[in-house]
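Notes for the one structure printed next.
Chain lettering (A, B, C and D) follows the sequence in which the chains are written, and residue indices restart at 1 in each chain.
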Amino acid sequence: MSPSPTVPRPALRHETVLLAVVVLEWLCFHALGPRFGTLENSFDLLRHSAEIGLLALAMTPVILTGGIDLSVGSLLGLCAVLFGKLWRDAGLDPAAAAGCTLVLGALAGGLNATLIAGLRLPPLIVTLGTYSLFRGLAEAITRGADTFTNFPSAFLFLGQERWLGLPTQAWLFAAVAIAVWLLVHRTTFGRACRAQGFAPEGARYAGLPAGRQLAAVYVLSGTIAALAAVIYTARLGQARADAGTGYELLAITAVVLGGTSIFGGRGSVHGTLLGVAALAILNNGLVHARQPREVAGLLTGALLLLALAAGTGPKLWAARRARATPPPSP
Amino acid sequence: MKAWPRELSVGLALAALLAALAAFAPGFFAPQPLLSLAAREAPVLLVACGAAMVIVCRQIDISSGSQFAVVSVVAGLLAAEGWPPAAVATAALALGTALGALNGFLVAGLGLPSIVVTLATMVTWREGLRWWRQGAFVNLPDGLQWLGLGQTAGQWTLLATALALLTLLALAARHLAAGRHLYAVGSDAEAARLAGIRPGAVTFGAFTAAGALTALAALMNVIQSPQVDPKSGTGLELKAIAAVVVGGVAIAGGRGRLAGVLLGLLLLATVGPALTHLRIEAHWEKAIQGAIILLAVAAEGARRRPA
Amino acid sequence: GRAPEAARDAGGGGKRLTVALLPKSKGNAYFISCRAGAEKAARALGVELLFDGPTDTDPAKQNEIIENWITLGVDVIAAACENREGISTALRKAQARGIKVITYDADALPDARAFFVNQATPEGIGHTLMDEAARLTNAEGEFAVILSTLTASNMQEWLKHIRARLAEKYPKMKLVAVRPCDDQKDKAQAEATTLMSAHPNLRLLMNICSPAVPGAAEAVKQAGKAGQVKVIGLGLPNENRRYVKDGVTDSVILWKTEDLGALTVEAAVALARGALQPGATTFRTAAGASYEVKGDQILLGQPFIFNRANIDQFNF
Amino acid sequence: MSAPLLELRRLTKSFGGARALRGVDFDLRAGEVHALLGENGAGKSTLIRIVTGAHRPDGGTITVDGRPAGPLDPRTAQRLGIACIYQQPALFPDLSIAENLALRLETGGPLRRLDWPARHRRATTLLARVGAPLDPRREVRDLSMPEQQLVEIACALGAGARIVIMDEPTAALTQTEQTRLHGVVRELRAQGTGVIYITHRLEEIFALADRVTVLRDGESVGTRPAAGLTEPELIRLMVGREVAQPYPPAEHPPGDAVLRVRGLGRRDAGVRDVSFDLHAGEILGLAGLVGAGRTELARILFGLTPADAGTIELRGRIVRPRSPREAVQLGFAYVPEDRRRHGVILDLPLAHNASLASHRRLFPGGWLRPAAERRLAEDFIRDLGIRCGGPFAPAGSLSGGNQQKVALARWLATGPQVLLLDEPTQGVDIGAKAEIHRLIRGLAGQGLAVLLISSDLPEVIGMSDRIGVMRGGTLTTLLPGGAAPDAVMAAALGRATEAAR
């Protein structure tokens, strides 16, 4: 899958473990909920995971560079509101408004990029600041109260209907997923992201355009968050300042569940996609199994630990065994 | 001065905020409300100290808010069962320590990444609590509030306890071998191992201590009111981590001071009330808070000489 | 007879119905109390009750759950809508699949449901709160509002009516601040403390989300301003009992939440079994209680005002 | 004779499938310097890391003072009086020098109180003993590679250990520090300490060692007394064959000036007023003491710390590289001296490391071409004799010398105009060194201009067409190639000599 193994994993590859988990989940819920395996439900799954999935995709290159973007959820809210404003108050048609929103999302990502790549401030603090700032701007623009609704059905098609048999947004999601996968796994850009994540100084000494690279990653993240905002608006048929609250954490959860190292360098886009799938199936399947929502939270925690432990466990066990061999004594 | 870079810019931001308050809303400095606010932030300071220890050792703990809620509710239920305060406190501290130790075991013992472990324990405790309690408040028996000390004395006690602990921890971080081991492990775990330090033990210790501090913080919060809200502590981990990183502790470990954490928390805890005092409408608040965080760190970034 | 689809296909002829009840968020005492009533009613009626919702208020999550229920094939959905327009899309889809839909607590768009179980109109709540505030302050002086979050739609709705009533009837009163408490009692307490010190002439704190009422009361008590700063709000008796008795909190306004839950389930089942038809003017529950139906709204009755005199009669 | 201080029997160790040690015997007596030699990847560092408890052996026995030592871990090893200077400094970058020393030297429970003034005093004393006039308050992250090396040496001295292990302590040191270190080692020997000394500079062995053990492919080829060994003999033991004359001669006379540097300086890096010309096909050696500013000069040229004075003229055009990326685009290449932090990315596979600086050339349009990358890596593995587990082994799993070859390979792949080499052969074994020398000479023959910074005096003298000597941040003297070592040393120390004029 990935072009070449970054590091040979002694035990099972994390993605393999995760794939098994996803299949297992599917079988489990299929047994528990008669309607779980229906096509219709699969479409629901796709539709519901598009936004978080997009944010997780955007987050993957960011984390690969050793950074983090806590502002994506807030930016989704801000972009949803801006989209609403552009459409309703500035009178743009939805397509033009969506285009402008993407540009604004890129600009917002650019703010992160400037502070992180330009001033070399730690991503965690910067995006903690913009996490608050973007949500705050969304609230300030709407005074907290304004809601944008009554979008034309041509626009709602994007979020609620099907195109060529699949939910419309699934096509967009797939396109972004493929693009990000190619970017991360098949281009020098992705390679440079990893280099940067492993050793920022080392990447600079190698003459890589480290600053521009870092900036690009955050701008990309902003743009994808804006796209997620447009899809979110189309799915719900409304835009409000609280859109996407807490989504950054869900996206990060999917990414780390997908095996990307929070310290940078290690990870894969298909891992992230599997992480998104594992969480989405869990959330959806539990409704079909008629379990309360809290159980989804509990199981998410368990899943995180199990998936990771399954990767590390055998390695650890081997290490234990090695230590247990008789000590070198005469 | 090179020795206090980030702390200095945060200190300046705080000073500017306080100056604005002195000029436009001197009412902010009225002693009683200020004491109440300070007492409410005292538990946060302890959680932030724990977060700082964990971060200095190049790990992260985002489960502290959930731990806080679990300990609060359990302490409340025990007190409602009629346990004496000392027993409640002991049990709560033991529980918090155990929760921290569990994180520590998963991170140091099994070698799992701390962000994943604490993300998992965060959702597990939070959702487990919701499942178990279904959001019901716990009503505490009379006499537990302020431990019977009376309000003002109680608030001063809390504040003094938090500051004393901060001072002790800051001194320990500088003058005890164990404190320096935290920095050593955070700076380079392999070098630490070669120097005869056990990185696993140190990491485990940091998480355990953070758990104990969170439990103490939860207790300090519980005795401030006659009811326990099972939602308490929501978002606390983010506030604590924000205070720590704004206060100049490097997220990559090995660097930073608790004095900076205090400054960071003071800045973050002052902004909200300050905006109310300055009559700024609530829907501007998050934007302004974000801008202040960004300014405080950007000032530092712009000043720093390029490496 | 566990399969809900069979139940619906059979037209509800004695099979076990599945009613899905959607709160705005779980772990909120208000909805927990609704659920208690709903469960009693469901047991009495012999239907299966699914109670699920987002852990924290999140309109997108509500839609997801409804869509999952559609696929799952429940018979009736009863939703408390965090977001009127957003959720209506999903509810219409449910209706299109033959699932009956009613709303309770907070309505969706009228075409997205058959009935709305109305515990009190936003207007009624806004006016009752404002009138009560005016009564306590002799209709003059400053007051402040603490709400859950700025973006919650019911908060904004109520606030709108509070403001309208204020402008219309009480010129000498002034709303000086609106602060969110994120549905946390501790945060509400801190906000109330700050509000009192920032606005020394504050006469009253109006708390329109349930955790804020005890939070504000505790703050007033600690500031030693009991009686001087009045506390009112929307809340539950048990959480406020001690402050009401101490005279810190003056009045807490609420409907009987258990009844709301029960009535919702009763109406849902009646709708599914065809006992409740559009155009009805009264609705008689299986237990024998009778409620007024006005257009497509089933009215629970007037909100209650809990105060020192009557609070001991209630336990929820 | 009493029992040896340290005795290793049949030590084995493998990493994954790769066998690093295959049953090595070794012993160390009190009061001797025992040199451990071998090619890159022969297993020297692995052996000593077992002795210090950093690695656990797969098999074999360790005896200290005639008593079997159980499984060693770093703490036990310390208690047994074993101290070590690792090949790759095991320091804490965020902590001060004083604290780095203290953490390695102090013993006691975690709850003891620290005596900071005493820590500083001790650090000052130790640093003075190794001749490193550093402020103990400085953070290690700000130190240059050789300075870190000196701190490591101070660590090993301060431990008062009975067994001191030095893994290539002089790799980044110049003659002066080397001489001083030798003094210290002799002092230790006189006190009855046993010293294990690893180096690739053969002249050190004849100056210092009492006995020599040679490892080849994880096996001991034998232990000999140093006296009576000759250099060719030693090389044959290590490499198993003759190594050709180490310094290849220039084939063509240098061409036109490619690089003209005038009055170049940067105040906060301590470099000032450096002027020189570098010609096509020329190798200009740079000699100097630690801290003379050679590395800083290279960093300026490579855009890592842009100059604040003077000009750089590249092929007649004034250039001002402000970042390595710009410098690379202009045609500079820089092999840095700190290979672990800057030279290679330890977590990336060898092949990715090798291609990292030539993305534009190798991967037109930005699309990776795994086949081309693999070919590049395989070529270098063959040409430089890199011992590794294949082109996709992580660079961090290679031995120190092999990592250095990867760092070099990365820049050789870029096809630069000006090649800046900072200690290019540090830690590289004698056979590979000759190969690298031949390569550098070959590149110069193709018209490349090479600036060769090296602390290995014979190397500078042997390889360079001209030799520049830096002192106090500026280029003080230019000597012809093949100048006498004494003349270079004198210029570096600032003593006037006849030869310099």
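By our rule, a residue touches a chain if its C-beta (ideal position, glycine included) is under 8 Å from a C-beta of that chain, and two chains touch if they have at least 3 such contacts.
Remember, predicted model here, so these are calculated numbers, not experimental data.
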Next item on the list: Enumerate, in label order, the chains that touch chain B and chain C alike.
Entry: A
Notebook entry, point to check: Looking at every pair of chains, which has the largest contact count?
Noted result: A-B
Next item on the list: Can you check how far apart chain A and chain C are, centre to centre, with Cα atoms defining each centre and the answer in Å?
Entry: 34
Notebook entry, point to check: In angstrom, rounded to a whole number, how far apart do the mean CA points of chain A and chain D lie?
Noted result: 43
Next item on the list: Compute the distance, rounded to whole Å, between the mean C-alpha positions of chain C and chain D.
Entry: 73
Checklist line | Multi-chain contact residues (two or more partners), chain B | finding: 127, 130, 250, 281-283
Note to self: Please output the residue numbers of chain C that touch at least 2 other chains, ranges allowed.
What the structure shows: 26-27, 55, 150
Next item on the list: Note the residues in chain A that touch 2 or more other chains, in rising order.
Entry: 139, 142-144, 292, 294, 297
Margin query: Can you give me every chain pair that touches, using the contact definition above?
Written below: A-B, A-C, A-D, B-C, B-D
Margin query: Please output the residues of chain B touching chain C within their complex, sorted ascending.
Written below: 25, 27-28, 30, 32-34, 36-37, 40, 127, 130, 133-137, 139, 151, 221, 225-227, 229-232, 234-235, 272-273, 276-277, 279, 281-283
Checklist line | Complex contact set, residues of chain D against chain A | finding: 11, 16, 56-63, 68, 70-71, 304, 323-325, 327-328, 334, 336, 341-349, 351-352, 356-357, 359, 363, 366-368, 370, 392-394, 410
Note to self: With touch defined as at the start, can you tell me which chain A residues reach chain D in the complex?
What the structure shows: 3-8, 10, 186-189, 191-192, 194-195, 198-199, 201-211, 265-266, 322-323, 325, 327-330
Notebook entry, point to check: Which of the residues in chain B come into contact with chain D in the complex?
Noted result: 174-178, 180-181, 183-184, 186-188, 190-198, 250, 253-255, 305
Notebook entry, point to check: Which bits of chain C are touching chain A when the two form their complex?
Noted result: 3, 26-27, 50-56, 58-60, 63-65, 67-69, 71-73, 83, 85-86, 88-89, 149-153, 156, 159-160
